[in-house]
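In what comes next, chain A is part of two complexes: it sits with chain B in the first one and with chain C in the second one.
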Partner chain A sequence: MTIAETGSAATRLRRRFALRGYIPLVPPITFLMIFFAVPIGMMIGISFQDSKTLAFSLGSYERVFTDDLILAGIFRTMLMSGLVAICVTVMAYPVAYFLARSTSRWRTVVFALAIAPELAGVVLRTYGWLIILEDRGFINDALIWLGVISSPLPLAKNLFGVVVGLTHVVLPFGILALLTSIQGIDPNIEKAAQILGASRASVIRHILLPLSIPGIVSSLLISFTMAASAYATPALLGGARFKVLATMIYEQIMFYINWPLAAVMAIVMLVMMLAISFAGARIETRLHKKLNV
Partner chain B sequence: MNRFLAGLFWLSLCLILAFITLPLLVVVAASVSPSSTVTFAPGDWTLTWYSAVWTAKWLDPFVLSLKIAVIVSLASGVLGALGAYAVAYEKCPGSDAIMSFLLSPLAVPQIVKGVAIVLFLSSAGFYVFLGTSGLIAAHIVLTLPFAARMIATSIHNFDKNLDRAAQILGASKWQRMWHILFPLIKPGVFSGMTFAFIISFNNIPLSVFLVRPGQTTLPITVINYMEYSLDPVLAAVNVASLIFILATIFLFEKFGGFSAQIHGGSK
Partner chain C sequence: MTTLKTLTVAAAALFTTIGAGRAEQLIVNSYGGPYEAIIMERIIKPFEDRTGITVVYDPVGSASQDYAKIKATKGRPGFDVAVMTASQSLDGCRDGLLEKFTTDTVPNLAKLNPAVSRMAGECGAVHEVQYLSLLWRTDKLKAAPTSWNALFEQELKGKIILPTFQNIMAANLMQVLSVKNGGDLLENVDPGFKAMAVLAKQTIGFEQSSAVMETYVKGGQVWAMPYWNGRAQLLMDSGVPVDFVKPTEGTIPLIATLNVPVGAENKAAAMKFVDFFLEKASQEAWVTGYKVGSARSDIEVPEAVRSRQITTEGDLEKLLLPDLSITAAKLPEWGDRWEREVVSAAN
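Right, the complex of A and B next:
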């Protein structure tokens, strides 16, 4: 046996040993290939088909960007998600600040209250909001009984209802995003400013808010993407009168059975989400750089 | 001024917490309220609605959801552990890229995953998978990344010296895996599985594309019913399923020390 042969045998052995490390990956990777990567690829393929002849066509893309109903749906989705992002961030901030700074025993209670709704699932919470907001719901019942209004206010099945419901669904995630950011701010900076005579308002304005901008940005981004891709809440609280991208995609698949159009709309949503997370990641790194210097 | 701001802060905190708890309280109240339209009548209460829950109409979907959630939880535990083991323990070359592939379903909205999977299953000769098996596969795509990430984190935090010590003392690879690695990462595996269970049990955006008539999961049955009526049976169903989820978390916690993982993770 020559030296060269033993050498190549050793490399082969080493290679075989190295490959053995990949064996556990076979089941999860195969699974994701079959049920995730291939379906996404197929969806992209179908998006280029004509809905009737199945020949290559850009018709569905053209339709998404020219059809007024679809464009209005995309616009509604953006408006709704933007409002949800703002509401969530504004409401999450005080809770996150309390959780980050408080040492009282109420902290655990508040934390549990803030996170617990997540376990209840979207259905229960949406049902709750429906019976609060609908025409014969608690709020309208109470207002009519008090004589404030004579006919019910339109609180559900419109933008208002959907934004309220989604804010509730997304709020825990906004709280967690802001909590990590505020926990990273040294409380001594606030104390120092106070000792030097800064009022509470100027501490908030000049110290707390600027330093928590990364948290605010990530809360806005998480809320926006979660709201824009939500299905159940807009479907139930918006109904047929307030259609967003997600519910329109569902209609195309289940009622109109227009696969290419549904595929294009899904791709529009996917690209929107990827663009936002990409932009968000870039903004975040830039902010972190700026704050560290 | 300072006192005014502090007052404003506490007031807003209370209002926000009220906002968070309000729908939950309303549902619980509605589930025990005697009137058949959902109104609030303090003092009077009944469990009639809960007895209506105990009928095939609600039990069948519940059993289906439970079956799916159990299989999804086990499968994502196993698949996630295999992936996390190769990436975080063996650290095979290219493990970063492999991990990003395992996590990639997270970047895709559920609705988009649902469309892709339903189109794939109905056009690629995978017809047999439509229905319950399709639901299970779709849910695993959703939960596998969470399980893989949680398990990878706990393998990452695992003290490799314990493993080396066992190796020096002559333990075989399987012995080390079973007696050293697994007991130490068990909380991670269990929390990943609990997470997968809850996500699958509550899922709507994927299930909505894949359920077949007569074979619907609990959340889908509830939302379909909700489009026609808001009667208090729904409140009872919702509260019962919440109680079920809490009981499951409690069980998993007893088994695998779920909160040990959370506390361990925060240090």
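Right, the complex of A and C next:
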């Protein structure tokens, strides 16, 4: 065998090994193709149909971008998801920090409590919030009984109720995203800064927060996308007066049987989430560069 | 060769035995809760006893969800009979997703009131007629209401609840109020929307689910609301201090239908079930059990039941009967108006 032949055989062998490396990817890619790519393709196809004649039409796209009720729904979805993302991340950070750094025996209890909401179904938890927040709910009844208010506060069937309910639903995911990130920060850096005279606030501001940016961005993105696609909580806690894209899509599919319009709204939601994810990744990179971390 | 022949004959005999031993089966999709218990006792059990067909009951999904499933599966939703309403029957017939009934396949169709039967089209067998009633708390209201006007009274400010537009009661109430205020059922509904906008100011909110609306009445936050009379009767029978009336200005019926998807696996059994449900005895059992009306006017039921239900030609003639195909076509436009004019007017 010549050197050239040996080299070519080695290249073939390398290629074979390289190809074998892709084999584990086959099942997930096949799964995603069948259950994600194909349905998305079908949805895109349906979006270009007329709801009655099924002929090619751009009518649903035109309606989505000109109908003020749908535009208001898109705005409400973004507002709701943005607020949930911020609330979750702000509330999750101290919990995640405690879980990452504490050696207390309460750590396990706190971790269990943080994850516990996931043990109950979303619908069950949402009904729980409804019982607490509605006009004759626990909070209003207690405040009226104490004489603090004379008529119920509007705590449910509005933005406030939905944000509270969704924050509860999404919080565990925010905690897990931040926990992974904070655990990756060497605790000696914080100790070193404190030994050198940095205050606790300064350590948080100049060390912890910059180093945990990937976790913060992950938490914001996960929370935003989960909130934007949530159906049960907005449907139950938002009611007729607070409709978001998910509930509007459901109405078009189930009640009006207008699948093309539902498909366009779903595409808008998908594009919105992709745009937010892309923007999140860009912001994270820029912040890293700016802060030199 | 002889061994092979013996094995073949034995296998054939075994398969024949298995085939003969397997009972005929029928999957009926309908509703859960009290409905399920009553339909099992009054209709399904007697049907099984008479025909030997085993019924598998599927209580998942509302009428609109069932129809969405039929549409998504192109008429093969996995059930043989669906309990839906006349609206879905008309849509399904138009889309070619539901079987057309004839008096050959369902002889008892001939016994139904023609006007009501026509409303459901060729693919819907009307097995029940309810009407939009005015439900009220007997321990809260000073006097028994007789008119839809009661909902507008100052006494009921903040004490009524309305359905969301995704509950067909909303469109029907708007249509009734439209007629009451000088409009009509389909083309000139402006008076209906104007009245609904006023009514919205009286309401504590909107709920899609009839069952959830009911909880407000049980809890005492709501003193009156529009409600299907069958459910109103069940609520009354459960001991809640409520009563219901058929308002003097008239009302719109909810025409419930039995439907067979085109791809039903057990079509012959499905047709037998539909016909059985429409029999005189079955209709009498259903009317007295679920406390609803019937499209058969020859049924014999106690006066106490009859007086509150739609059971006679006279009762049927007094109903406001909109063309459901046109109603269905107008729903998207009305839904838009509902959001802009009614929901936005609520407190």
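Keep this in mind: the second predicted complex is superposed on the first by the 238 of 293 C-alpha atoms of A that agree within 3 Å, B and C clash if a C-alpha of one lies under 4 Å from a C-alpha of the other, contacts with A are read in each partner's own complex, and residues count from 1 in each chain.
The criterion applied here is as follows: a residue touches a chain if its C-beta (ideal position, glycine included) is under 8 Å from a C-beta of that chain, and two chains touch if they have at least 3 such contacts.
Because the structure is predicted, anything quoted here is derived from the model rather than measured.
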Chain C versus chain B on the shared chain A, clash or fit after superposition: clash
Partner chain in contact with A:I249 - chain B first, chain C second, else both or neither: first
First (chain B), second (chain C), both or neither touched by A:P27: first
Contacts of A:I40 with chain B and chain C, given as first, second, both or neither: first
Which of chain B and chain C A:R241 touches, first, second, both or neither: second
Contacts of A:F138 with chain B and chain C, given as first, second, both or neither: first
Touching partner for A:K157 - first (chain B), second (chain C), both, neither: second
If touched residues of chain A are counted for chain B and for chain C, the larger one: B
Touched partner set for A:N258, first chain B, second chain C, both or neither: second
From 8-16, 170-178, 206-214 or 242-250, the chain B stretch with C-alpha clashes against chain C: 206-214
Chain B and chain C footprints on chain A, overlapping residues: 136, 235, 253-254
Footprint of chain C on chain A - complex, ascending: 67, 69, 135-136, 157, 235, 239-241, 243, 251, 253-258
Residue ranges of chain C touching chain A (in the complex, touch as defined): 64-65, 67-68, 71, 91, 164-166, 204-208, 219, 221, 331-332, 335-336, 339-340, 343, 346
Residues of chain A defined as touching chain B within the complex: 18, 21-25, 27-29, 31-32, 35-36, 38-40, 42-43, 46, 91, 94-95, 97-98, 110, 113-114, 116-117, 119-132, 134, 136-138, 141, 168, 171, 199-201, 204, 225, 228-232, 235-236, 246, 249-250, 253-254, 259, 262-263, 266-267, 269-270, 273-274, 277
Partner chain A, residues of chain B touching it in the complex: 1-2, 5-6, 9, 12-13, 16-17, 19-24, 26-27, 30, 37-40, 78-80, 82-83, 85-87, 90, 92-93, 98, 101-102, 104-105, 107-113, 115-121, 123-124, 137-138, 140-141, 144, 148, 198, 201-202, 204-205, 208-209, 219, 222-223, 226-227, 230, 234-235, 238-239, 241-242, 245-246, 249
